[in-house]
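Quick notes on the structure that follows.
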Amino acid sequence: MLELPRLRTTESRVKVRYAETDQMGIAHHANYIVWFEIGRTDLCREAGFPYAEIEERGFLLVVTEIGCRYRTSFYYDDEVRIVTRLAEVGSRMMKFAYDLYLGDELRASGFTSHFWVDKTTRKPVRADEEVMRAFGPFL
Amino acid sequence: MLELPRLRTTESRVKVRYAETDQMGIAHHANYIVWFEIGRTDLCREAGFPYAEIEERGFLLVVTEIGCRYRTSFYYDDEVRIVTRLAEVGSRMMKFAYDLYLGDELRASGFTSHFWVDKTTRKPVRADEEVMRAFGPFL
Amino acid sequence: MLELPRLRTTESRVKVRYAETDQMGIAHHANYIVWFEIGRTDLCREAGFPYAEIEERGFLLVVTEIGCRYRTSFYYDDEVRIVTRLAEVGSRMMKFAYDLYLGDELRASGFTSHFWVDKTTRKPVRADEEVMRAFGPFL
Amino acid sequence: MLELPRLRTTESRVKVRYAETDQMGIAHHANYIVWFEIGRTDLCREAGFPYAEIEERGFLLVVTEIGCRYRTSFYYDDEVRIVTRLAEVGSRMMKFAYDLYLGDELRASGFTSHFWVDKTTRKPVRADEEVMRAFGPFL
């Protein structure tokens, strides 16, 4: 019997903070990048590598590129549902993709690309085997 | 003698705030999006339309897409030089491009796309003639 | 049978975001003020007046003073437990008090004072009866 | 002729960023704490100890208490004039006071208290002589 590959995602929820609104009366667009980071943190935790532990192992996951498309605004106190998946993974880089929903309605999508850096030298490195194995199932 | 068109840009400067650093010891990547906004504010002012005035005329410039590539980090107290130009302008949309420098060294680049929205109805609209004329020379 | 007055509090939880850390490796102190606001939002909701509804009724709760004492730092991914209570309430003002815990350990305390302002005129006003009655039990 | 002691202050200027506004249409109150930090950074620089250098000497200036009174709001693009002075200084602690002006109009005042901490052990320490001598004239 064939087991079909499933695209694994994690789901996180944040309420839009008053401090995150701007004078247009909507959540300021820069906060979406911070929400992406919350999704990424939760995916790492589910992969068995809380981000804090990744740093303890001597790695940093440095951001090299981000992008975000905004469809509909979020408002104060809205519950943002962040759906995060691993879009690409290599020994030297990772790319995460994010969809932001209000209920079932997609309101924004984006991605962040990263590469692994040695915490001390700040030079690009390959992540160790154990880290890579943990993220594999999310692809 | 032919006068060649010049690509008009504006230049803004911000110091990296302590609050903008993160535990990697660098400026957190979400702040770049806020710095872009400072560049955009200054370009609008130089075009003769301080953004506050645009809103008073009944328009909002809503963000539809952003992107940023990170080359080298900025650190606390670094002076970020933001060079902003108008990359595209239409009756319904505008696109700004940004280069972030430390001295003469390019450390990040990005863009933001926007469309004009009526402040009251929140529906997409065409900006009025006067607004468009002001931004023309920046193309 | 005598019903004893209970000091009513609400409890909120937030995880320290990576973006909230600074280069000391701790949660930057300005974020505590934002966390207070989350506690206040939750207390208003439990009182039957989600803050969004307060604004719809034509009131704003403007901040007049804040204070915070920091005992021990919070770190990335710590779950901050925010315990919020109404410290004072009058027809024209409200004061909220906040204790921030990690588990059972008190790490910071603070307060925010506010007065009611008419959303349109931006002048100080008395909150209506219904609003006041809702907050009474929290005292 | 007697020269009276002058209270030395430093002055910093920041423009209110769009991202710093909230849906009330004013600068969100938590940002004032970040502006205080900009004032403190500038005072340290004028004292001959850029804060980055203080950290390089192995010290951190940890926040123990803050307070702020808000009189009148700041709005988007307002130029906030931050006047910073050293309110107290001891071998183990420092207290800074801040006044925030729009032009000549005082709009908010506050303070931050700090103690010196060893960067490595994170234990309270006395700042070295050179640091103390630098800040003396600001009292």
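Read from first to last, the chains carry the letters A, B, C and D; within each, the first residue is number 1.
Definition applied: contacts are C-beta pairs under 8 Å (C-beta built on N, C-alpha and C of every residue); 3 or more make two chains touch, one makes a residue touch a chain.
Just so we're clear, the structure is a prediction, and the values are computed from it rather than from any experiment.
Undergrad: With centres defined by CA atoms only, which chain is the most remote from subunit C?
TA: B
Undergrad: Is the C-beta contact count larger for B-C or for A-C?
TA: A-C is joined by more C-beta pairs in contact.
Undergrad: Determine the centre-to-centre distance between subunit A and subunit C, using the mean Cα coordinates as centres, and give it in whole Å.
TA: Here the centre of subunit C sits 29 Å away from the centre of subunit A.
Undergrad: Between subunit B and subunit C, what is the gap in Å from one C-alpha centre to the other?
TA: Comparing mean C-alpha positions, subunit C is 35 Å from subunit B.
Undergrad: Send over the residues of subunit A in touch with two or more other chains.
TA: 18-19, 23-24, 30, 34, 37, 76
Undergrad: If we count contacts the way the header does, which residues on subunit D are in touch with subunit A in the complex?
TA: It is residues 18-19, 21-26, 28, 30, 76 of subunit D that touch subunit A.
Undergrad: Tell me, which parts of subunit C touch subunit A in their complex?
TA: 15, 17-19, 34, 37-38, 41, 50-52, 75-77
Undergrad: State the interface residues of subunit B toward subunit A in the complex, per the touch definition above.
TA: It comes out as residues 23-24, 29-31, 33-34, 37, 55, 60, 62-70, 73.
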